[in-house]
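For reference, chains read A, B, C and D in written order, and residue numbers begin at 1 within each chain.
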Amino acid sequence: MSAKEQKKAKRFGMVIDLDKCTGCGACMVACMAENNVPFKKDESNKLDSITWMRVFKLTNGKEYPDADVCYLPRPCQHCEGHDGHSPCVSVCPATATDYSRETGIVSQIYTRCFGCRYCMAACPYHARYFNWWDPVWPKGMEKMLSPDVSVRMRGIVEKCSFCFHRYQRAMDKAHLEGRRELAENEYQTACTQACPAGAITFGDLNNPGHAVYKLKQSPNAFRLLERLGTNTKVYYVSEREWVRRAGDNYLAHEKTGQVAAAH
Amino acid sequence: MDSALIPEGVKRCSFGKFMVFISIVSAVLLWGVYAMLLCWLKGLNQTNMNDYYGFALWIWADLAVIALGGGAFFSGFLKYLVGKDELKNIINYAVLIGFICYSSALLILAIDIGQPLRGWFIFWHANVHSMLTEVAFCLSCYFGVLCIEYIPLVLENRQLNKVPFFHNFAHNLHEIMAVFAATGAFLSFFHQGSLGGVAGVLFGRPFAYREGVFVWPWTFFLFTWSAAAFGPCFTLSLTKLLEKISGKKLVKDNVIELLAKISGWMIFTYTIAKIADTYYWAVVTAPGKGQTLMEFYTGNAFYGIWILVLEVIIGGLIPGLILITNKGRKNKYLLTTAIILACIGVSVNRWVMVLQVMAVPVMPFDTWALYYPSWQEVATTILPVAYGVLLIGISYRYMPIFPQERELNPID
Amino acid sequence: MFPGFFEWIWDGGHMLFMGALWYALSIIGMGLTFCLIKSAIETQQGKGSHHGDGHGHH
Amino acid sequence: MKIDRRSFLSLGVGAGAGIALSPLPWKLTDDLSIWTQMWPWTPVPKDGEIRYVNSVSTLCRCGCGIKVRKVDDRAVKIEGQEGYPGSDGSACALCMSGIQRLYSPTAIRMPLKNTGTKDAPLWQSVTWDAAIREISEKLGKLRKEGKPQALACISGSDKGTVPALFRRFLQAYGSPNFMSMPSYEDAYEMTLKLMHGTDSAVGFDLENADYVISFGSGILEGWGSSVRMFKAKSAWKDKKVKTVQVDTRLSNSAAKADLWLAVKPGSESLLALGMAAVIISEKLYDKKFADQYTFAFDSWKDAEGKEHRGFKEFILENYSLSYVARATGIEESQIVKIAKEFAGASAPIALCGRGQGNTPGSVHEFMAVHALNALAGNINQKGGVWAMPKDDYIQWDEAATDGIAEKGLETPRIDGAGTEKYPLSKSLPHRLAAIINAAEKSPVEVLLVSGANPLYSLPDSRAVKKAFGRIPFIVSFASHMDETSEMADMILPCPSHLERYEDVPTPAGMIRKVTGLARPVVRPQYNRKNAGDSLILIAKALGGSIAGSFPWAAYEECLEKTFGDKWKTLKETGYITEDFSPPYWDAAFATPSKKFAFMSEVCAGAEKKGGTGAAKPEGEENTFPLLLIPFDSMRLACGPVAPTPFMMKTVSDHMLKGKYTVVEIHPETAQKYGLKEGKNAVLSTPKGEAEVKVHLSRRTAPGIVAMPRGLGHSGPDEYISGKGSNFNELIAAVEDPVSGLDAAWGIRAKLVKA
């Protein structure tokens, strides 16, 4: 790799192997623990349950015993859109969410957000969550809160940050050691690390040395709602055609995987 | 008891009767205020909104009142810039309605945001690429204009007008009102459009997304157009309503018919544009994103194609056709039907562009999300209505809103 | 919102948007100030204490 | 007057303008917005020194190796520990959210005594001295009355030092009634006993297998060592190892398998035998193994010249392809294909034990599946099934017994294990409730419960509750309030799993010996004692030979002495592991013939023509037209530890909605009974009823009701309790005729619109 390429901006992203994902929920739990995600007494209404990482269940709609299910972990897709105009970043009126050209990460500034929820309306992935309630930990359990991630107050929007604090931590360490570049394994998200099936791979999509660079080129790779032009940084891989087809909206005559908007 | 405050030469109901009216409306208002305080103190968990319905009843109410309040800027535009001078006989009322609508819209926004105390961040940390920023700026500025337009009305109250400064101030504001009206129209063209842009730019939501020119999606123009078209109908409906309640003719028919005619042509042309937009969207835009028109109107318990018919045909084409014909305008029954249908039509449009946008699933494996508002949401939505009724009541009683009232209802 | 804030970028979008905004604000502000000052002066001059000349303008 | 008003107005306007132009409003708005960022009721996590501590989490059955991130003395995050055998770098959802258990408000902080009744407990905190004194007085009295056998113990496991201490305590005290909670490992143990003749644990060389067929085992639902299974499954995918899942419902394991065989409920073993028939008739079995190392594969004559039918003939006669196809619902060609693929693979493995394996299951079913491994000659081979010697690191001297104890130990076990009826079983706790409820006076007078929550986990939990209500004195050794503790008379609180030392024995299915050490990650928060310490104190208070059997000052000393010279390594590295290579077939079997036995004498009576080996579910078809089957999920915990708030958050709304369990039914079933998606219904079985919501799904066949296990807890934890129904309240145990183990896999049920 040339020095010039080394300096190229990073585009952190994921490749998730849906044929390996077992729907066990370890990624969700790891994410909640890592990011001080609050929890309520009843979380069975999934429309108001904060899960930065949410595992969706897909079904092929066929009759028993031809029925099939597939799980699809959905972190924030960190859309690049066209030139950094991701659906949410471009609509936030208070610049409380931003697209980093350095890392490709869509950030959320909790103390800036005033809770208009326009970004939630803009996100087709439902990756953004609103704090409808004050976050409350049962007595004594606030001891489990990590100082790396601030606790969010009521009335604001939050979402997956690709564990950005881990990137900062790794960069701090690298700087102390006089390095400007991170090795692939120095910055991994909590969900990636936790997945017992090894279904999630995380890295710099621009870096040919990283595993994601190669994995995303698989003919079975696809992105969610690619034809909307959201230009996401989370790729999915599945050998099953029906799963790949479920990743986007298709008209009846269209062939799976051949309609995506160009980026 | 309050006769000294009542404009000269007009008759008003007794003070007692007025107080009964005020108390009843205030009770409703207080109910709304209670709900509003609940939302502020306990948070938005008081509503039935959720992560799929980040925008719900309030935002619809917001968009609807701004569209309906569009009568103010458009009448101002017609009177001061186009030179339709007859409209001076209804413009005060249009301004009052506009003032109510816009102050309500701002109040609703203040309840709707999760962190009202940080609401000013929208100005302070403005993202100029966001349609909402544009809405907030223009809305606030235009509200300022409406205040300026409303102040002289207040100052023309019999007692206040006795204060020389107030008298002069009201007079001077009137003198340069055209400048304010022009600024107001400019601002309105933008914020009405930006409100349309709010939904139109959502390229992640094929149901809402529209192509357009430069940074403005077609909905930008459609919203401005529709506000200008339907807003006067709301002014007319409320005029009719007030006439019915007061039992008096307040505005001459020629004025009403003029406004109805202009509105009618605006509605008619708007509807044609809307049909063209819908057609293009159904045939090109949505299929380009992999979705067919009927996918947006099937597979759920509420949204069917009926809502499109209600909006475009019943609430658009029909009132438009009635109002552009002389016969339709002259027929009292048809005129009333048309202006009411028009108000419904534009409200349904705003509903669709807010709530149906949230309801339609985008990811193929996602499901429709339906929602019904909580009582707190209903109460806070009724709050501005009660406030509007109250303000119209007080303004009508104590201010010279209708210049033709004395002439039409001479008292001995 | 103001040039000099860290979010401020000197690009077309900002100049157009903020330009239009400040333009509108200036007109409103100046119009209002003009009326206030004019009314104050007129009041000082004793205008407006007689009734009957203020009506008919609307 | 006029002037006054004017000046007043001017003053007002002036003041207003002045304030507006001053920095005051800006300062105030700014302050307000800052205030919203640090509302006093929103916690601010304290910063501190960051450290990582390795340990082993004992929350799940297998024990995940964990790495705990600490800020000062606060544990803030649990991650997988790299290199830990089995879980290597990952942890299951339960273990990963273990901090929520550590800091749970339902943690028991001091010894508690129930001064109320069992139905309406009234907890009073007592000192450790008083608690130990009261328990030892009760126990002393029982012995004095000559009824030491009236003491029973239910332990979560029978492995490791803490269960061993309880067993030892009972022995020294004089009671044979030590019970451990059942699992599929019991059935495998019995299978190996019958087919290999050895007392061993089953091991699977999954990583080297090249064809895997699972008969209902939830490879991805928590069966075996869950994390190891997940890793193995992903490795199989990478290596293109074919996986076949035999399951009535489209479980996650079935969905992820290369092939799902949707068998009729309860016909798994038939399919295995049908496959065996194909393998035999097509002569695809391992001939060397069958000819030289098995007994009675072919028909044989005994010394008296009597003809005995061999396994081969028995299978060929009874399990014709057409019969098996009809009974299982799997097409003949499919069975033949799978059988050929299995036999043709170089290292095929067949697995057994339904779901997570919480219910042991029918021994015949295990034998049928294990016979497939034998036919493929993949016993004690690379990539095959191994008979593993059990952990033997506990080498204490025999407990001293006095006269009373010896007499007590001679009495038959209350649960019937090891008696004439079930001579092979070691422990049958699911039988306890019925026996207590049938007796005039409870044969158990004092019950010790440790590491288990039988009131939640045993089938027919309503009967268990009734039985526990009849036991005069229950002592619970628990760290948190649970269903069983709520029924106790005395609770001796244990430190939570991140505050104590404990050995973690070799997890199920491993092919090497692994001993992990759970260690205190944070300073103990409350005045609690390890169960081992409590037991040592009670033993000392009882004195005599009992005290003599507990020579250790404290549990930690016991651990240290148990491991001897390995203790240092264990404490330093967190685990010790020992490779194992299984003996070759000539030395592997300890049956009377020293060969592998396809069939056992014990089973003779049960071998009916075309028998399925599976238990018949309880209930009449007329009254209960549907079949209720459970399913397991990694997002819920079914063991002694309840799920955490984080886990509850991951539970799908197709499993739990509000306070109702969501059951899966096929749309046809829904239509037949007038049920609609998301609507409530009453689910009843011969054992009980529950209000549930229904979810229409094509994952289950018509006529089946599939219900998630692990919900419906009661107790003080508002994040877990009152959510859904406990499957165990609806199911009855069905005794396996050979082992007495619970072989129930479902129960007849009825679903009526609520």
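The rule is simple: a residue touches a chain if its C-beta (ideal position, glycine included) is under 8 Å from a C-beta of that chain, and two chains touch if they have at least 3 such contacts.
The model shown is predicted, which means the values in this text are computed figures rather than measured ones.
Participant: By C-alpha centroids, what is the most central chain here?
Facilitator: Taking the mean of all protein C-alpha atoms as reference, the closest chain is A.
Participant: Taking contacts as defined above, which has more of them, A-D or B-C?
Facilitator: Between B-C and A-D, contacts are more numerous in A-D.
Participant: Mind checking the centre-to-centre distance between chain C and chain D? Centres are C-alpha means, answer in whole Å.
Facilitator: The computed centroid separation for chain C versus chain D comes out at 76 Å.
Participant: What's the distance between the Cα centroids of chain A and chain D, rounded to whole Å?
Facilitator: One centre to the other, that is 33 Å.
Participant: Which whole number of Å gives the spacing of the CA centres of chain B and chain C?
Facilitator: Roughly 25 Å separates the two chain centres.
Participant: Just how far, in Å, is the C-alpha centre of chain D from the one of chain B?
Facilitator: 62
Participant: Where does chain D touch two or more other chains at once, residue-wise?
Facilitator: Answer for chain D, listing residues that touch two or more other chains: 36.
Participant: Which chain C residues sit where two or more other chains touch them?
Facilitator: Residue numbers touching two or more other chains: 7.
Participant: Hey, what residues on chain B touch two or more of the other chains?
Facilitator: 115, 118, 121, 124-127, 129, 133
Participant: Any idea which chain B residues touch chain D in the complex?
Facilitator: 115, 117-118, 120-121, 163
Participant: Using the touch definition from the top, list the residues of chain B that touch chain A in their complex.
Facilitator: Per the stated touch rule, the residues are 43-45, 49-55, 112-116, 118-119, 121-122, 124-127, 129-133, 136, 198, 201-206, 287-292, 357-358, 362-366, 369.
Participant: Show me the residue ranges of chain A that touch chain D in the complex, using the header's touch definition.
Facilitator: Contact set of chain A toward chain D: 19-20, 22-26, 28-30, 32-34, 36, 39, 41-46, 49, 51, 55, 57, 59, 61-65, 67-71, 110-111, 134-147, 150-151, 153-155, 190, 193-199.
Participant: Which stretch or stretches of chain B touch chain C in the complex?
Facilitator: Chain B reaches chain C through residues 88, 91-92, 123-129, 133-134, 137-138, 141, 144-145, 148, 152, 156, 161-162, 164-165, 167-176, 179-180, 183, 186-187, 190, 403.
Participant: If you look only at chain D, which of its residues touch chain A in the complex?
Facilitator: Per the touch definition, chain D meets chain A at residues 36-37, 39, 41-48, 69, 71, 74-80, 87, 89-93, 96-97, 99-100, 102-105, 220, 226-227, 230-231, 233-234, 237, 250, 252, 255-256, 260, 262, 634-635, 645-654, 656-658, 666, 697-702, 718-719, 723.
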